[in-house]
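Two complexes, one shared chain (chain A), two partners (chain B, chain C).
Let's look at the complex of A and B:
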């Protein structure tokens, strides 16, 4: 796999995936709209009681990110699988790992761009103080790839099933809980003015482990799926 | 005696048919000693009175919930690497007992905590990670029921089980790593335990009885699946 054309193969694949995302603006705009609408629900539902929202705001923000992932994970490998491209990729033994990695990476970018753009406005809506914004953004950039890569594992385990949307959520939520705890903990500490380095370091650990190991698990599961039992 | 013989379903069926009555008798004897010793003979606790006796259900079921997941996880790894059907049968037979043990541990813990310490539930490390274990069990159940082809279901749930094995050290060491409300380990392997012998021995007997019961249930299920496979073949 790591021959002299590896770099150019990766660049071409990456360009192709990014182009397919850019051609459908819905992939970036719909998550943006979802974020705006759901974040606005919380001040509306608590009669604009800002003291009450302030206390739970970091957790609420991260739970909304989790909801976003739950709703969009279903489309991760779906079109490739339905058009038969995924099977061709699986049969191509050398490139499956990098192709899976690039698909997950592009999916993560697709979600991270609207979240990053909207993060300042959303945190204002939820009364997260501005001094926590940097920690919020770092926790998002460390946490979202972890969530996407772990979600990819759950996605390929349920590829082709009927209720795959909810099933992905059921399978992957126990693994999301540590990320949620540390990420909202980091933002809570930062909004109180304390240093959040420990929680962000843990998020970094999860990021490194999941990003490095998930593609192997995903390609293993994909190969299981089309092998003769 | 070659042990590897027993990985084939034929020999394992013979082993299981001989073990099941033995396990049943062992479970009966140990649980009767454990129940009588724990509920009647053991002295009542200095601080908690007679209400501590729920420990004789809570601790064994919590221990079993971890042990069953460990067995399932190791079977999953062995089944995926070596493609041995017996390990898939172990997993199939262990999922429901494991879920019930975890649920029992959580429920008896809540029932114990409310009169003793005033709260049904706290979000400390051990309780939260045990709840995560329950969600892992439920996820495995959901995945197995969603995939119709039995071999594909076995392989997919094996991958999921392997990933969930990470939770087990977190549950076990949570009382050391964090400032938790849950009590630390009172039973020690190589040193004298922190619990009085008259309370300890029934507890160990109950843990062994639960283990024998779990093995009994799994072996019954495995024998049934071996029969099913023999009929289909």
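Let's look at the complex of A and C:
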């Protein structure tokens, strides 16, 4: 696999994945629309007082991110599977691992861009103080790739099914809970003015572990065989 | 030396037993045509042969080595399914470039030094293949926008671009016009002359006069599998 053309294969593959995502731009707009809807609906429907909202705001923010993942994780390998590209990759043993990693990476980017754009606005509507915004963004960039890579494992286990968004999140929920706890903990600490380094460091650990191990698990599951329903 | 041997194979799909105790060999220069009514398990058999699905029982051997443990088989296999097999958001040119890259461009001409030369070599070969298939006018339209017949013709480019000893083709003749059917038949004959193997299913008629084609019939009831 690591012959002298490895880097050129990776770069070309990455370029083509980004190109195909840009050509199917509906997939990028969808997360943005979901976040806009939550931004609009939350202040309209909540008439509790500000103090109460402030206390639960970081948790609510991360639950919104979780719902976003629930809606979009279904798209992760879907077109590749339906078009037969995934089958060809499984048969081509040398490139499965790097292709899986690239697809997950591109999916993270696809979600990270709208979320980064909407994060300030969303934190305003949820009454998260501005001094916590930097920590919020860092926890987003550390936490979301972890959630995506772990969700990829569950996605690949349910590949032949339709409408598997809910099932995917349900499968990985035990692994999501620590990430959610540390991420919302970091934002809570930052909104009180304290340093959140410990929680962010834990998020970093989860990120490193999931990013390095998930592609191997996904390749293994893909090679086991998937049947259509 | 290409030799695909199947021993005591039985396959299931969704819990239903499709075939059992299937044993045959396809030697170099032979083609196997799998026939049968719809839904009887032809596609499942092909998927088990490629290694994408696991059989319920039995082995598949490539040159004497079990397929699951043979990296040599995967390198020498070309599988064309009824699905597209490429990304529909990319153009034919880009899809074939990605395909060549993954296959290891140029089994011939390994003396390419730089990446630029690699890309130019790939481009020239893709251009040749697309010209032979009459797809040059559509070389830069998105594959998802081509007609089904044009997409199936695009899959033939894969057959032209690499040398693989074992071809496993699922309904290669569908959606093609007479010219396309003739073209694939010529390709299969050339593959057999080179000493390769072709295993395919087809409902349509085709012309393979020079080739040694064996037929595997799937009957309507379980176990009704016979050779000619």
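One rule holds in what follows: the second predicted complex is superposed on the first by the 220 of 229 C-alpha atoms of A that agree within 3 Å, B and C clash if a C-alpha of one lies under 4 Å from a C-alpha of the other, contacts with A are read in each partner's own complex, and residues count from 1 in each chain.
Going forward, contacts are C-beta pairs under 8 Å (C-beta built on N, C-alpha and C of every residue); 3 or more make two chains touch, one makes a residue touch a chain.
Everything numeric here is computed off the predicted structure, so don't read it as measured data.
Consider chain A as the common anchor and indicate whether chain B and chain C clash or fit when overlaid.
fit
Please determine whether it is chain B or chain C that touches the greater number of chain A residues.
Comparing touch counts on chain A for chain B and chain C gives C.
Quick test of understanding: once the structures are aligned on A, what is the angle at the Cα centre of chain A formed with chain B and chain C, as a multiple of 10 degrees?
Reported to the nearest 10, the angle reads 90 degrees.
Per the contact definition in the header, classify A:225: touching chain B only (first), chain C only (second), both, or neither.
In the superposed model, A:225 contacts both chain B and chain C.
Identify the partner contact of A:95: answer first if only chain B is touched, second if only chain C is, both if each is, neither if none is.
The second partner, chain C, only.
Tell me which partner A:19 touches in the superposition: chain B (first), chain C (second), both or neither.
Touch status of A:19: second partner only.
After the superposition on A, what does A:85 contact: first (chain B), second (chain C), both or neither?
In the superposition, A:85 touches chain C alone.
Let me test your reading of the model: by the given contact rule, A:10 touches which partner, first (chain B), second (chain C), both or neither?
Touch status of A:10: no partner.
Check the superposed model and tell me the shortest C-alpha distance between chain B and chain C, rounded to whole Å.
5
Once the two structures are fitted together, what part of chain A is touched by chain B and by chain C alike?
Touching chain B in the first complex and chain C in the second, residues 224-225 of chain A appear in both lists.
Taking the touch rule as given, give the residues of chain B at its contact with chain A in the complex, in rising order.
Going through chain B, the ones touching chain A are 128, 132, 135-136, 138-139, 142-143, 146-147, 151-152, 155-156, 159-160, 163-164, 167.
Would you mind writing out the residues of chain A in touch with chain B in their complex?
153, 157-158, 161-163, 167, 170-171, 173-175, 177, 217, 220-221, 224-225, 229
Could you list, by residue number, the parts of chain C that touch chain A in their complex?
Residue positions touching the partner: 13-14, 50-54, 71, 74, 77, 79, 81, 83-90, 94, 97-98, 101-104, 115, 118, 142.
Going by the contact rule at the top, pick out the chain A residues touching chain C in the complex.
3, 5, 8-9, 12-13, 16, 19-21, 23-24, 79-80, 82-85, 87-95, 224-225, 227
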